[in-house]
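Structures for review follow.
Paired with chain B in one complex and with chain C in the other, chain A is shared by the two complexes that follow.
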Partner chain A sequence: MTRAAIAGGAGVRRKERTGLRPGQRVFVWGSLIPIFLYLGVFALFPMIWVVVLSFFNYSPVRVGDGPLGLGGRNPFIGLGNFAAMFADTQAGELFRISVKNTLIFAFLVLAVNLAITLPLAVLVESVHARVKGLFRAIYFLPTISSAVAVAIMWGYVFHPQQGLLNNFIKLIGLTPPKAWLTDPSAFVFGVPLAMVAAIIAYVWMDFGYNLVIFIAALQGIPREIRDAAHIDGATGWQEFRRITVPLLQPTLLLVCTLTMISSFQVFVIFQVMTGGGPQNQTRSLTMEIYENAFRFQAMGWAASMSLVLFAMVLIVTLVQFRVLRTDWEY
Partner chain B sequence: MSTVQLASAAPRRQRGRSLAQFFAYFILFIGLAVTLVPFIWILMTSLKPASEIVRIPPTFFPEQWTFNSYQTIFADPKVPLARFYLNSTFVAVARVVITLFTSSLAGYIFAKFTFRGKNLLFGFILIQLMIPFQVVMIPAYLILVQLRLIDSLWGLVIPSMVDAFGIFLMRQFISTFPNDLIDAARIDGAGEFTVYRRVVMPNLGAPLATLGIFTFMATWNDYLWPLIVITTHEKRTLPLLLTWYTSQHGQRYDLTMAASILVLLPILVVYIFFQRWIVRGVALTGMK
Partner chain C sequence: MRRSVVILLVVAAMVMAACGGGAPAAAPTGGDAAGKTVLRVWSHQNPSFIQANESVIAKFMEQNPDIEVKYEQFEYDQFIQALQTSMQAGTEADVIEMFGSWVCSYAAGGRLAEMPVDVMSYTEAQELFFAAPLGGYYCDGKLYGLPNEFNLEVGGALVNPALFEGKDVPYPPVWDTMDTLREQAARLSEFDGDTMVRAGFHFVGGDGLPFLLLEGILEQGGSYFAEDGKHFTFDTPEAIATIQLLMDMVQKDKLVDPVLFNAETNQPYDGFFAGVVASSFIGSWAAGQGLVNYPDFEFDYVNTPVLFGAQRKYAADAGWGKVVSANSANQEAAWKLVKFMTAEQANAVTFNGVTGTIPALKALVENPQELLAKAPWVEPTFKLLPDGQYLGNVSDRDKLFYDIIYPAILQALQGSMTAEQAAQTIHAQANEMVDSAQ
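So, the complex of A and B:
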């Protein structure tokens, strides 16, 4: 080691750049090689394989000639699956309905969620520190609950006769809807009633996350800025509108992205509570992927649809990166 | 004039403050009710006799309290509850232990070592964060078929032994860990794995707890992957059991709500104990 250092710079410099002594090399690569071999099989390979499958009319119940069951009776069809998405067939139409439903669901969930969590976070922050924690803890409760149990619970809350919601609506003197989850002719501002029900249930289940993130971000806003606004005579609303919201912008963006992406992936509420009905009004893209892949074994078709889901997630993420370039500091 | 205005403005603002406080509490309690009432209602439903369930308008609190629905579930030979709790616990614990190990190990290496290809490998981890499970679930299923792990509880563990988010989280935490401590241990002659095991690991209490609790809850509540992998009744996890049970007893809301309560309860207990960790973890990481 000393001799090498005396002998010349080149060897030492290389050692500094790689920065690993022999013992460390064993540790680093001995740990990383198994981990990345594993990721190769369970992460990289599935990513490649889902793209490959989307070019085939593949079903695991048929035996193909080629490698991994492809070819022969699982023929290569090029962009056939993607063309089928726009085709005037029942499958194509179901796919388009499911994409439309997923987008409607995600945008409305985002809007409703923000409209609830942002003001609620400000209110939680405004009350005494001792009860603050209690409110936060209880608001967070639905997010840690089993999604299946929550979906079953809300299915019962929406029950037309026995349900909590309709009886509450009757109690305050309004006429409740005939059926929340099964009436295909009921709409609220053009949105199917069953979709509204799914949005209510999902927002109820999920709002705790954004609330907690917003509360943490509010705590990060320096006290002095608020005090300065108070001294200048700002009202509560002005403070919210001119100080809180602008300073929360980076957090707001993160929350929008996360909420959007996770709304694209919602499965349980639809599968368990509405079953995609009535008349496919709540059929989501994830349901469509699941059913085609695992009930009808049409895995090539389902793979191409899951790439559409990936594209949707990717677009939202890229838009976020794009907007995030405007850096904020305070 | 200005002094008069100031004098009168102060109490008005005071009154405005307390009115605002009242308003804040009012809204917060409505939120509390909306959050808790559905839970309380299904709990009450599970404690009613079957005859009271179908009454219109329904009662909120039972007129006649009974544990009948729970007794029916416990006595049902097709619902060996202990078995299903054990299945869920096994999968969750196995995943927590393995995820914590791989995440802290890889996170430590990415935080504290420089080596060729590091950025490339870590970039791959970051890309993993963007890929929804539904996108890769079809190939993941086909791999499990090849490994003959379909309809096995190990099939729920083996595809998720390395968690990209966990590695990312651990790297963030370990980056702030002082190098001096690690170097001191090396000078004392500790091997690299010993440094990780005896110096780094004991200082990771908070992030490991957070990651562990989240992995546990996510696994415990997971539905889609078990739905795909598990086919035998005895191997079902709790969420699978719950949908199956509901499909068997569709209109018996006393039974289905009691079953829901039984699935919700363990996580609730975990939450009561670890509430601080969980809420702080979300605030810190934006974990979802």
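So, the complex of A and C:
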């Protein structure tokens, strides 16, 4: 920096710091402030508000004494909501059940989703270019369907009397389950049948998304590496296991993270298909949050559960990043 | 620099204005330029309720040219959320259509205005309205609004004549006693192997089970409230006997399979109109709704017997009615409208006739011709109305019914609990709910 520049006054110093002229700065700030305000009002403030509410026994039905309706009839209870999560009460028990169900659902969805999408992506990628697009479109179609419509449709498929699935099972001479969605005594390898049904519906709706990501990633793997493997005598399975899967690791990380996050947040499938039943076997954390916040007006309790959901998503995501991260590119 | 600040402030002001653009005007709508008092009314978006309210509001404005009423509606699911957020912001309407069982919690929270005695005293209201619906609007010795309807969920069932054919059961059924009902309805159930394909008598609903439990307790001379009037006594012999009766109807008589017919699948209303239920225990509102939604479906609505003894005693919700916001700047005009919409006989006939709901106003049952011409299916309920008592201040009605009583009894019906365990579970969880609300 020259002596002249230093002595050039505030305007020159600001220009040198930002690289912008005053008019450009006005334009930049004029463009950024609306988006900052938007994020502040609709994202940042609600997040802060959730954190604040989690320390209060707050209900919008009650008029509070302090600012923003807090205090008085909506008293500060410190960590009371978080302590209640471990208490031997119905609320605490439902919270713990919903956490368990959410974890079961998220991990099973991830496993099933990957087991379907990765091999399927390899298969789709291996077919002729003319039909590749067709397959991609067919598999992607459920992804753009309304979640409510999908849940209602699968509800009909699983219906005990008129359902497509039970009638098909009877048609081929087998005995169908008594009720897919409402029988509390039905389990598959220890997983409630209603949960299995919800997973089937959700994976059907969601797997096209991951499929497209995997197909795009497969197309990015250099042809030369595969050719080299062929020359070295690798079989199709060896190529998939030793080359495709390792080179897809960054994509796997992305897919795992996105799938887990969306699975943790699933609400519609459970709300419409099972209502959390039978006997709370499909009650998810998002349902528990929604019901307490908007049906029972226990906003403080719901806010504290939202923070737990946030922590769960954060922890699982960080673990995935740690386990699946790579230090290389191709 | 100054120019930059001005631009930033303008942009900020525009954004703030845009953010607030969709919100309704502030609640205290004192008056417009023409000097009229402007009232805002909110209700949920049931088409028949809208039609009835619009008709009565138009009549009110005709008779009160100095008052303009702006009527706004919300999707039912969004209605509660709209109330919560607007009350927090002070932008709710002056007059709100509210379900009676919600009123006391909003009143206790300071959200609702107390009804002035010069508009109507509680004694006067008792003369005009049935005890059960009025009870929901009377909290801690104060009246907070007036009911439009009597929400009755017991004492009647939809019956499908087609499913009575060939079953050697008279139609329409005359079920004077539970023994008759159980014996006849058992013949209406149908099975494919072990699987029930038609329920003879479906009562496993989210409202059905809780109301049956309360009715059973009351008819045996018991009470579900503890002495303090806030806590519950659901672990009593009366409660256990009622749950056992319901279990016997399922497990011995096979009137309904609670795994295949419950509040989640083949619900009493949906299952009935899907043709897989011969008779469905449900409120008379279902008959009105069925006539609209399934005009070609043949059915009737008949009385069901008392569960225990000879005298029917049951608890009822307060039903929909009108309240005034504590934030309203036009209390006088608002209460005038509330009284006009609920207590005026001609307007009550319009509301109950168009919506097909049971009247809260006694006069409509004493002189029923006009109402029955519009909603004939409500007649079987008339003889039940004087026997009803208000459910009581149960802290959180939906939580008690749908999260506590229904799941516990359902588990008992499905064989996962005994009647004693179900009663103990309800007792513990209901009292926990009361304690956490205090």
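Everything below uses one rule, namely that the second predicted complex is superposed on the first by the 306 of 330 C-alpha atoms of A that agree within 3 Å, B and C clash if a C-alpha of one lies under 4 Å from a C-alpha of the other, contacts with A are read in each partner's own complex, and residues count from 1 in each chain.
We adopt the following convention: contacts are C-beta pairs under 8 Å (C-beta built on N, C-alpha and C of every residue); 3 or more make two chains touch, one makes a residue touch a chain.
Here the structure is a predicted model, which is why all the values come from computation and not from measurement.
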Touching partner for A:161 - first (chain B), second (chain C), both, neither: both
Partner chain in contact with A:187 - chain B first, chain C second, else both or neither: neither
Per-residue contact with chain A, leading partner among chain C and chain B: B
Partner chain(s) touched by A:22 [first = chain B, second = chain C, both, neither]: second
Touching partner for A:107 - first (chain B), second (chain C), both, neither: neither
First, second, both or neither for A:90, with chain B first and chain C second: second
Touching partner for A:60 - first (chain B), second (chain C), both, neither: both
Intersection of the chain A residues that touch chain B with those that touch chain C: 25-26, 38, 41, 60, 159, 161-162, 294
Partner chain B, residues of chain A touching it in the complex: 17-20, 23-28, 31-32, 35-36, 38-39, 41-47, 49-50, 53, 60, 68, 119-120, 123-124, 126-127, 135-142, 144-149, 152-154, 156-157, 159, 161-162, 164, 167, 170, 204, 209, 212-213, 215-216, 236, 254-255, 258, 261-262, 264-265, 267-268, 271-272, 286, 289-290, 293-294, 299, 302-303, 306-307, 309-310, 313-314, 317
Sites on chain A touched by chain C in the complex: 22, 25-26, 29-30, 33-34, 37-38, 41, 59-63, 69, 73, 89-91, 159-162, 178-179, 181-185, 274-275, 277-280, 291, 294-297
Residue numbers on chain C that touch chain A, as the complex places them: 3-4, 7-8, 11-12, 14-16, 19, 80-81, 84-85, 87-88, 105-106, 108-111, 195, 197, 259-260, 262-266, 274, 276, 326, 396, 398-399, 403-404, 407, 410-411, 414, 416, 428-429, 432-433, 436
Chain B - residues contacting chain A, complex: 20-21, 24-25, 27-28, 31-32, 34-39, 41-42, 45, 53-54, 56-58, 102, 105-106, 109, 113-116, 121, 124, 128, 130-143, 145, 158-162, 164, 191-193, 196, 217, 220-221, 223-224, 227-228, 238-239, 242-243, 246, 253, 256-257, 260, 263-264, 267-268, 271, 275, 278-279, 282-284, 286, 288
